[in-house]
Amino acid sequence: MNLAEQYTQIRKYSEKICAPLATEDYVVQPIVDVSPPKWHLGHTTWFFETFILKPHAPAYQEFDENYNYVFNSYYETVGNRVIRTDRGNLSRPSVADVYRYRAYVDEAMTKFLNSDIDATLIELILLGFNHEQQHQELLITDIKYILGNNPLFPAYDTNWKEVDLLKPEVGFINIEEGVYEIGYQGNDFHFDNELNRHKVYLNAFSISTTLITNAEYLEFIDAGGYQNFNYWHAEGWDWVKTNHVVSPMYWHNIDGAWHNYTFAGLEKLNPNQALAHVSYYEAYAFASWKGMRLPTEFEWEIAAKHFNWGQRWEWTESAYLPYPGFSKAPGAIGEYNGKFMVNQKVLRGASVATPENHSRITYRNFFHPPLRWQFTGIRLVK
Amino acid sequence: MNLAEQYTQIRKYSEKICAPLATEDYVVQPIVDVSPPKWHLGHTTWFFETFILKPHAPAYQEFDENYNYVFNSYYETVGNRVIRTDRGNLSRPSVADVYRYRAYVDEAMTKFLNSDIDATLIELILLGFNHEQQHQELLITDIKYILGNNPLFPAYDTNWKEVDLLKPEVGFINIEEGVYEIGYQGNDFHFDNELNRHKVYLNAFSISTTLITNAEYLEFIDAGGYQNFNYWHAEGWDWVKTNHVVSPMYWHNIDGAWHNYTFAGLEKLNPNQALAHVSYYEAYAFASWKGMRLPTEFEWEIAAKHFNWGQRWEWTESAYLPYPGFSKAPGAIGEYNGKFMVNQKVLRGASVATPENHSRITYRNFFHPPLRWQFTGIRLVK
Amino acid sequence: MNLAEQYTQIRKYSEKICAPLATEDYVVQPIVDVSPPKWHLGHTTWFFETFILKPHAPAYQEFDENYNYVFNSYYETVGNRVIRTDRGNLSRPSVADVYRYRAYVDEAMTKFLNSDIDATLIELILLGFNHEQQHQELLITDIKYILGNNPLFPAYDTNWKEVDLLKPEVGFINIEEGVYEIGYQGNDFHFDNELNRHKVYLNAFSISTTLITNAEYLEFIDAGGYQNFNYWHAEGWDWVKTNHVVSPMYWHNIDGAWHNYTFAGLEKLNPNQALAHVSYYEAYAFASWKGMRLPTEFEWEIAAKHFNWGQRWEWTESAYLPYPGFSKAPGAIGEYNGKFMVNQKVLRGASVATPENHSRITYRNFFHPPLRWQFTGIRLVK
Amino acid sequence: MNLAEQYTQIRKYSEKICAPLATEDYVVQPIVDVSPPKWHLGHTTWFFETFILKPHAPAYQEFDENYNYVFNSYYETVGNRVIRTDRGNLSRPSVADVYRYRAYVDEAMTKFLNSDIDATLIELILLGFNHEQQHQELLITDIKYILGNNPLFPAYDTNWKEVDLLKPEVGFINIEEGVYEIGYQGNDFHFDNELNRHKVYLNAFSISTTLITNAEYLEFIDAGGYQNFNYWHAEGWDWVKTNHVVSPMYWHNIDGAWHNYTFAGLEKLNPNQALAHVSYYEAYAFASWKGMRLPTEFEWEIAAKHFNWGQRWEWTESAYLPYPGFSKAPGAIGEYNGKFMVNQKVLRGASVATPENHSRITYRNFFHPPLRWQFTGIRLVK
């Protein structure tokens, strides 16, 4: 596929994700971490307009100058923006306006991508593609939050079904002590935070080849895991008590039977599926209760070639920090990753919401410890 | 008109108010005081379903039992409810669902109202009518807030126009000292808070026959009214400083020229219109600056027969308190007025948003001192 | 007594109140409403220094210019000040410094009061006396809060004892309908908020001649008063739930037996004493449960000549508003009362903490509805 | 020195630190991170009473059972405790009471330490010594905060003086790439978080042999460092804007000249002293502005043998995480370090407030990124 075809394919997929939505579902922002779907659709469009079309496409006419204010996410370089908590207060631009905006930009982008593009722009264009793919994952998880926290529990797709997790005979594999190489190597797209490729020294460790299931996590709940501070970080324990947390997100105990909200609606909890929607605090507490621990991101990257991964983002013990030699790009693009490298945890793997072709063994996802509206799961090390 | 015709007329007017809205405009709740328009449409419907149809209409089938949770406002008697700040987080029921709910209840209500109704129910039915009319006013002011705080400043009706305020030759009229009677007298609909009719003793006073205009309020701004604590209550001054208030709501100083948002969009400020959208704190400070004061609600009620009123809700100096002999009705209906009789101020008059036939000289509106998204204005006494 | 003698007597009494304190007790501010005792001692001194000595005493040398910043309470006219919530963060000036400050100012004031004073200053001097007396009451209630909320429950005076409340045979007296006069009349000291004396029209009412006792309030608790929203204002009910209120302040249920903290320490609750330390919300709810109501401040003022009052501040149903013809004094003294006339309730009577000679039948005390660290009680009207 | 002598020496030093204080200075808690000095004195005493005397000293009688509630810091194992924000609300136990408590426990401890102690207790006793030494550092920094944020700027010791920082000729030293060993090795006291000693792989780096001075940091301020988001983490930039940060803590720009509060009082800023009282955000931003970075804690530990360190705690780029093989001790002592290993940054070195014999090259201090009331400074790597 050439760039224009790739562009079209990626852009169409964002809209396909939103196809089952009612207009109203595009608008709301029930918590600050969740953005309205129409905002995601507009913001990814604004990214192409702002960083590709306006500076590089001759004679491009901006769709609407107010959209710069509405759809900027966090780029201080680019100017003022709607504060994040206010995204759900904006009924306009309407959903139809946003789709018109997309069509307008898509037409210009397609024309531009089919023209003679300066090779130095390719990297930025690919960043735009990957940026949209990241928002596709957020779209899916934000939609789940919007529907799954509605008292009517509307389904997104009544045919949605996740496969069960098969537990293999060999549960843990051993990795030997030694110096290993970490980070991206190659010529394909990758984020700046995956560089530099560098050496780390790892002690020997054993890592599970499978993720924790709902059934395994239920044992933790039934053993009083949420009532015993010993398993928790101090701030994790505060989080449990302040928020009255007693189970993963989307779990509901109805008349003594555990249910969870999936995209198909509220259902009986399937014990054999991979656990999802736990915070780092819960992942750590569960591991403590098991007498094990979470992998570091380096252990994960070295071990992951030996097992299947994907379907869940896996909390690691590693803080999100720059690799040796990391440097930010100049200008707005430099705000992409580096400025978030404090107080967040690295997650590795990929989830059911991750777009195809958007996962790599060196990919570093990152979220704050209490967040759990992503498809986050647990893998253990001993 | 008989009851069924009245019902139909009132119910249609709520929908007429919403006719210019985009679907998205029905959904958002930018501040806690503003409810999503679809919530108003659903809640007023729930009121008829809950208090009339379910207890009194034989064989009535509830539309959806979940709606009781979604559309209850503050009736503790009736059960749990969506907390007020979460109304804007609900994308479902959709706008179409809410209109279906209205049609379903309207059909049942019409049938019921055309049947042989027990006379003891009339008062409750009329309360339902007046309740919907109160929400019509809120619908209009909430829509204004939703559109007027959107960075795109969309118009609600590009033909909207308010008449100018004519200043008569005689500005103040005198009312003599003496015992006067206050409160509702008659056999038509009225709220419990307008009773008992009772005597008050008033000192002599002079009251303006017209409302304050934008031009007059501009003088206060230009004289540094928002910078001088002397004119303000202590908590009003805190409110000014904490919220960086420098003008009434919807006013914008663009390159030195005052504009305000009206239903027709963002426009140059018309100096001759009645001032609107000030808090009680601002009304009090303005009066102090003028060396005058606001009327009490009793002074207003006695004087108002001598001048034209309406178009603005007028802040009074009176706190919202029970009249002598006031008593709450038993059950949920008793939660209508009495439980709010603390820490609020009485407003008298009526506004451009008040439905026809929903104003009386004895009507007691009430809001907290800092609120100003209603069409609130100022009349002075000396 | 001449002015200098009066001054000395009042000033000594403030220090006598503090005599039982440890140095540490002078320093803390456990809630924003409570000020550290050393702050009260300094602030009342600052009042005389700022409003009397500096402008009127020739050659007076300010004790320490920084004290103006530390001991100003809320006088915007006079300049910046320590924000109220920070009073308990200041270890300096030390308690000894504050007593040195008092001695210094007392010497200058005594000299000044013994000199030939301009008659126009008398009113201001008397205001200073009354101001210090108001802080004497606050000193007592703030000390009670500081000691009574300490986990060690230290006693202030182990000999402290309140007399029981005798219930007379005739419980309620009747007041006839008619026009009555309200407000201060005479030539002695009074606050601006007691003027103008004016006429009010009262309906007939019956008022209890005694205050509610602890035993009577216990019946309300035992009847589930704190669990039934019907008795409460909407915001009172929120206050109960948010703060998990189940009894008056200082009450502790220890192994099923009610105790309360008094100045003598933690003791078994005396059922025959006048109830104290309830909020307006509780006073209103109790009255509702009884099927009665609180008096208005006007009813109280007319009726109080017929019964004994004092020992508790009595919540009234009246909001704190200006009397007809009320006007603020110019300058800082004008900030004394008027700027608080919004969102507060009037209390009438006097408490065990009120200094002798500081109560009048026309005296208007005022606090916000949720506050209850004053000696606040209940009298009913039917 | 034997254990009893060591004990006495350490305990005396805590009291020596407090010797210059007024009684009032022992009581206040101006921010949640700062504890009242009397609380530190009581808490370290409670530690010996709770973990040594009560379980191990035969016939020991608890001083006061309420003190367990008052002086427990964060040990969930041991029971309820005064919430951290309330420490400054407690006037009792008085300072004299706390010293009596210390004397009582010291007598019992001395007797116990002079008896025949089970060897397995030595580690716990040494932990008690080190625990008190940690609180000695906090005592010093908390006292600085209490005095340095008082509007009177009282001195702690008018003779206090810090030496200037000499800048050597060779500013940076080079460390070669390779595998290095990190963590404590030996038989002396150390914390569990310094283990296991383990290998890390380091890339080559150059590290400054001196700390940043006030003069160097002033260049950053003068270059607009606090106004340019590019140098900051996203959450660091929010912190700057929300808190209006324009300089390190204790700096005051008075009429254009920079001053800072030292233990000797408010003084002209000495440009040649080591910068102190910056947050991690500021340390990071300063390094970014310089085109350099902060060291990791591993780089620091390897390089520090080649230069002088101490006088400032140095922010590192490392998050506070467990070393390979880290495990918590069972029981309350296990709550010492492990449960804080999330969302904090490691600091290495030692400060002017660190007690003698309480610093090691493997010592891991940790604080949250925005905190800066410790003597925190900056060392750069390139």
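We just call them A, B, C and D in the order they show up, numbering each chain from 1.
As a working rule, contacts are C-beta pairs under 8 Å (C-beta built on N, C-alpha and C of every residue); 3 or more make two chains touch, one makes a residue touch a chain.
All values derive from a computational prediction rather than experimental measurement.
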Farthest chain relative to chain D (centres taken as mean CA coordinates): B
Inter-centroid spacing, chain D versus chain B (mean Cα positions, whole Å): 57
Once you find the CA centre of chain A and the CA centre of chain B, what distance in Å lies between them? 44
Chain-centre distance (mean CA atoms) for chain A and chain D, in whole Å, is 37
Residue numbers in chain D touching two or more further chains are none
Classify the inter-chain contact topology: is it line, ring, star, complete, or other? ring
Given the complex, residues on chain B that touch chain A span 22-30, 38, 66, 69-70, 82, 86, 88-95, 146-147, 149-152, 154
Along chain A, where are the residues that touch chain D in the complex? 74, 76, 179, 198-201, 203, 229-230, 232-237, 280-281, 284, 293, 317-319, 321-322, 324-325, 334, 339-343, 345, 369
